[in-house]
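Input: a single structure, listed below in structure tokens.
Labels run A, B, C and D following the written order; every chain starts at residue 1.
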Amino acid sequence: MDLRPRDTDKGWKRTGYSIIFESDTRAGLLFDIVLLVVIALSVALVMLDSVRTVNARYGTYLRAAEWFFTILFILEYLARLLVVRRPLNYVFSWLGIVDFLATVPALAALLLTGSHYLVAIRTLRLLRMFRIFKLGQFVGEGEFIVMALKASRFKILVFLTAVLTLTIAMGTLMYVVEGGENGFTSIPKSVYWAIVTVTTVGYGDISPVTVLGQTLASVLMIMGYAIIAVPTGIVSAQMAGTQTTPYKSPAFKQVICHVCRATEHRPDAEFCWHCGEKL
Amino acid sequence: MDLRPRDTDKGWKRTGYSIIFESDTRAGLLFDIVLLVVIALSVALVMLDSVRTVNARYGTYLRAAEWFFTILFILEYLARLLVVRRPLNYVFSWLGIVDFLATVPALAALLLTGSHYLVAIRTLRLLRMFRIFKLGQFVGEGEFIVMALKASRFKILVFLTAVLTLTIAMGTLMYVVEGGENGFTSIPKSVYWAIVTVTTVGYGDISPVTVLGQTLASVLMIMGYAIIAVPTGIVSAQMAGTQTTPYKSPAFKQVICHVCRATEHRPDAEFCWHCGEKL
Amino acid sequence: MDLRPRDTDKGWKRTGYSIIFESDTRAGLLFDIVLLVVIALSVALVMLDSVRTVNARYGTYLRAAEWFFTILFILEYLARLLVVRRPLNYVFSWLGIVDFLATVPALAALLLTGSHYLVAIRTLRLLRMFRIFKLGQFVGEGEFIVMALKASRFKILVFLTAVLTLTIAMGTLMYVVEGGENGFTSIPKSVYWAIVTVTTVGYGDISPVTVLGQTLASVLMIMGYAIIAVPTGIVSAQMAGTQTTPYKSPAFKQVICHVCRATEHRPDAEFCWHCGEKL
Amino acid sequence: MDLRPRDTDKGWKRTGYSIIFESDTRAGLLFDIVLLVVIALSVALVMLDSVRTVNARYGTYLRAAEWFFTILFILEYLARLLVVRRPLNYVFSWLGIVDFLATVPALAALLLTGSHYLVAIRTLRLLRMFRIFKLGQFVGEGEFIVMALKASRFKILVFLTAVLTLTIAMGTLMYVVEGGENGFTSIPKSVYWAIVTVTTVGYGDISPVTVLGQTLASVLMIMGYAIIAVPTGIVSAQMAGTQTTPYKSPAFKQVICHVCRATEHRPDAEFCWHCGEKL
């Protein structure tokens, strides 16, 4: 879905688009940075507002600031609608939905009282940061991580299924072994405990008391200890693979020298490494 | 142990087998998916039933549903027995044992009162999920993880032995240093604490109080910190190895010397490394 | 900024410099080792002094020792100023600032009462240890880690931004779900909880109580479990890469094209990839 | 230090040595396995004895069993002394010291009352298990781990120094920020807290209460989160390197074909892979 205005569109629309949506011009980069600062400020204010002592003293100012930011974001949202080729394409794009959720419900929440914490959905807008990174050195890194994770998504899914089955089985067992008086009041709660344990978080809000329970917990912990190696291994291997593959065929020019039939030329090679012929 | 019915068996038996045991036909896949949903539902109900407030209000309905599911699973178990070539081969197969444990004891537990949580063994049936995955993209991933773990099983065993020796030694030491008044009431409990610590779970239900105890615990933690690198390193290296297998067959010429039957020649070898014969 | 005194400087200055700043002579190495021991001793004394029982009994002796060490460090600082080429270059170098902070504020803090814990900034001087390591086998290792971390710095930054966004979003959600009566008294505190959880530290000073909260926490933990794989994978891949560097120079022909000055030819290249010239 | 008896020694001595010290004969393997079971039993008894309820009921039996095992181990120790070439070489070997500590102090501890937990030093004897592994498939794995750890020992040392400096600096800071009333009663205790935090153990026996303290703790946790990647990366890279290096030059025959100058022959190659010439 191309959001870029047509070349036949009016100049202000094309300029507006390049400022608001792109960040490869001076003005566009400035807009994105200012926007990020405003988002961060807005999130910070909501966070501060939730602290009772701050709320008691500066509550009215903070509420005013929230109104100000919400109106600002609505204006921004409208501006975005104005400059894109087809507004609906933007509205239902991933970023468009996040932008909408960050403005309109916040307005509704401000009008009705109380639950103005919906504003916190704005945090997601901070991910917009990665769009700026696109400009610079970050593009490779971000894509690299996403690529490695994406390539491993089935491995990770299979792994999570196995972990979930393990925690449900272990949780039920511990519910039977420990029972409600030791904090394992229900199977869901015991499964919660098993997840807390196998991920090595270990709050200690629930912990086994009986000897059998502690033995089972020890087994679960050591399993978790061994298991934690799996996702790490997956991603490491994937990353190592992603990193070295550039050296393999995909990174080489997909061309065969018409003289000596040599392949695997540098991606930017203009001459055959084997016979010196022009490629 | 081949469970598949003979080609000379009646048509309904072969059709039944392909539906119940296989998942490469439309009906077979549907059967497996429905079965998984029913298993998940049954497990979810047992989990819900264990929550006191839910039990108090919907207990009778949940108990009825459990009866329903148990009978359903018994019927499924009988159907499986009917369509396989030799029922006993199925009964004593790994999946057959899990299926049995998930149905008959549940029935017994329902008839006698109280311990109906045995039903939770059904969770293990969820692993049947992986059989469906066999069909699609998951097969490689699942096998990949299993293969990597299997290849590392001795390394992991050696590692766990070392960790266990460490935790027993440290646990005993802490029992002597801290003593019962600080929670280290017995050596087994202290070993439990050492496992909780070295796996970085850290419940905090038992934690050192004396200066010497805290120093020893710090040493144990930092050791655990360094040690946790080992299984991860093992699996990572294994996975990277499995993935790139530079040393294994693919990197070698797929050719057998016609004189000395030697294999594993360099990919670009023109002569046998063993007898010097032209390949 | 070269701190080394000029060759035309007096002999005592050049000898002093080689003793105080370098560690490749016998005297220089001895000076550095003695200095490290004195720093470690001084840090140990401040640590001991903070223990109430020790302070009560040996307080006056410890205070005297601190005076002694502080004066010693001031003398050392002055000596350093004396032997370098341009004192200001040293004063504003990274090590110079650390040295200053470790002496003069300590003096001020000792003169004024109470906050003599500033002395603990001396701990940073222990990093001077790495300078000695330069001599021996450590140089490669230290540089190796620094290099791997440096090469991964953008990946790590991108990763931390993502983690921070996740914890802010999750923290806010938990604040709304759990509320102040369960310990989530403000959004900043909830974010603190989210960080404690996602890093698998899990103090348990704040932990979810409601069913929804525990479910969300479980999701966060399992995410953290999968996420922790990312930095490890980054560094592992980086280190494996740095170590084997299959794509870097060693794998390329160490030759520069005499026509176009291109480098990084295939190891078996016979012609320049850039201009086709015979190498 | 060769412990093996001379060929001129009496037959019973050589037979005894092969049974007690080696495990490549049927009798020797049996001896080692029985010994391991007895050690495990003895450790298990000490562990059980420390449980108050067990002690109260079976105390006298357990004490008798401990006497029995201690005498057994002393006999074993004397037998070992008898069959080795030079007893003193054995006494001062690593295994000899462990064997001594596991027997004589236990005897002393049993004669004097109370501290019979020294017996727990026997746990270390379980590491003798690895000697049996030497026989089978474990030899490679155990050596592999040891080799990888050994190759990484400087990296790990540098890393631990950095972690220690970080925890001392952070601990002191937190001591100043949080103060004694929040559990940070002294700098050593604060350093203990920092280690608990940075290793992601997180007992929660001490946890920050002030806003500044929680912020600093969050920074420390995220640092620990990133830092934990380093040792894992080191070992992973090391292991991957150890695993793949067999394919690199060291694993190849260090020989150049005198006809075609080809290198990198298989380690067991007898003929050049390139021209078929005898190497």
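Please note the rule applied: a residue touches a chain if its C-beta (ideal position, glycine included) is under 8 Å from a C-beta of that chain, and two chains touch if they have at least 3 such contacts.
Predicted model only: the values in this text are computed from it and were never measured.
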| item | value |
| --- | --- |
| Residue-number overlap at the subunit B/subunit D interface, same or different (half cut) | different |
| Remotest chain, subunit C as reference, centres from CA atoms | B |
| Selected pair, greater C-beta contact count between A-B and B-C | A-B |
| Which listed pair, C-D, A-D or B-C, duplicates the contacts of A-C in over half of its pairs | C-D |
| Intercentroid distance (Cα basis), subunit B paired with subunit A, Å | 30 |
| Whole-Å gap separating subunit B and subunit C, where each centre is the average of the chain's CA atoms | 41 |
| Multi-chain contact residues (two or more partners), subunit A | 188, 191, 200-204, 228, 232, 234, 236, 240, 244 |
| Subunit D partner contacts - residues on subunit C that touch it in the complex | 43, 46-48, 50-52, 115, 117, 120-121, 123-124, 126-127, 129-130, 133, 137-138, 140-142, 144-145, 148-149, 156, 160, 163, 188-189, 191-192, 195-196, 198-205, 228, 231-232, 234-236, 238-240, 242-244 |
| Complex contacts: residues of subunit B adjacent to subunit D | 154-155, 157-159, 161-162, 165, 168-169, 172-173, 175-176, 180, 185-188, 191, 197, 200-204, 207, 211, 214-215, 217-218, 221-222, 224-226, 228-230, 232-234, 236-237, 240-241, 246-247, 251, 264-266, 268-278 |
| Parts of subunit D lying in touch with subunit A, wherever the complex brings them together | 200-204, 232, 236, 240 |
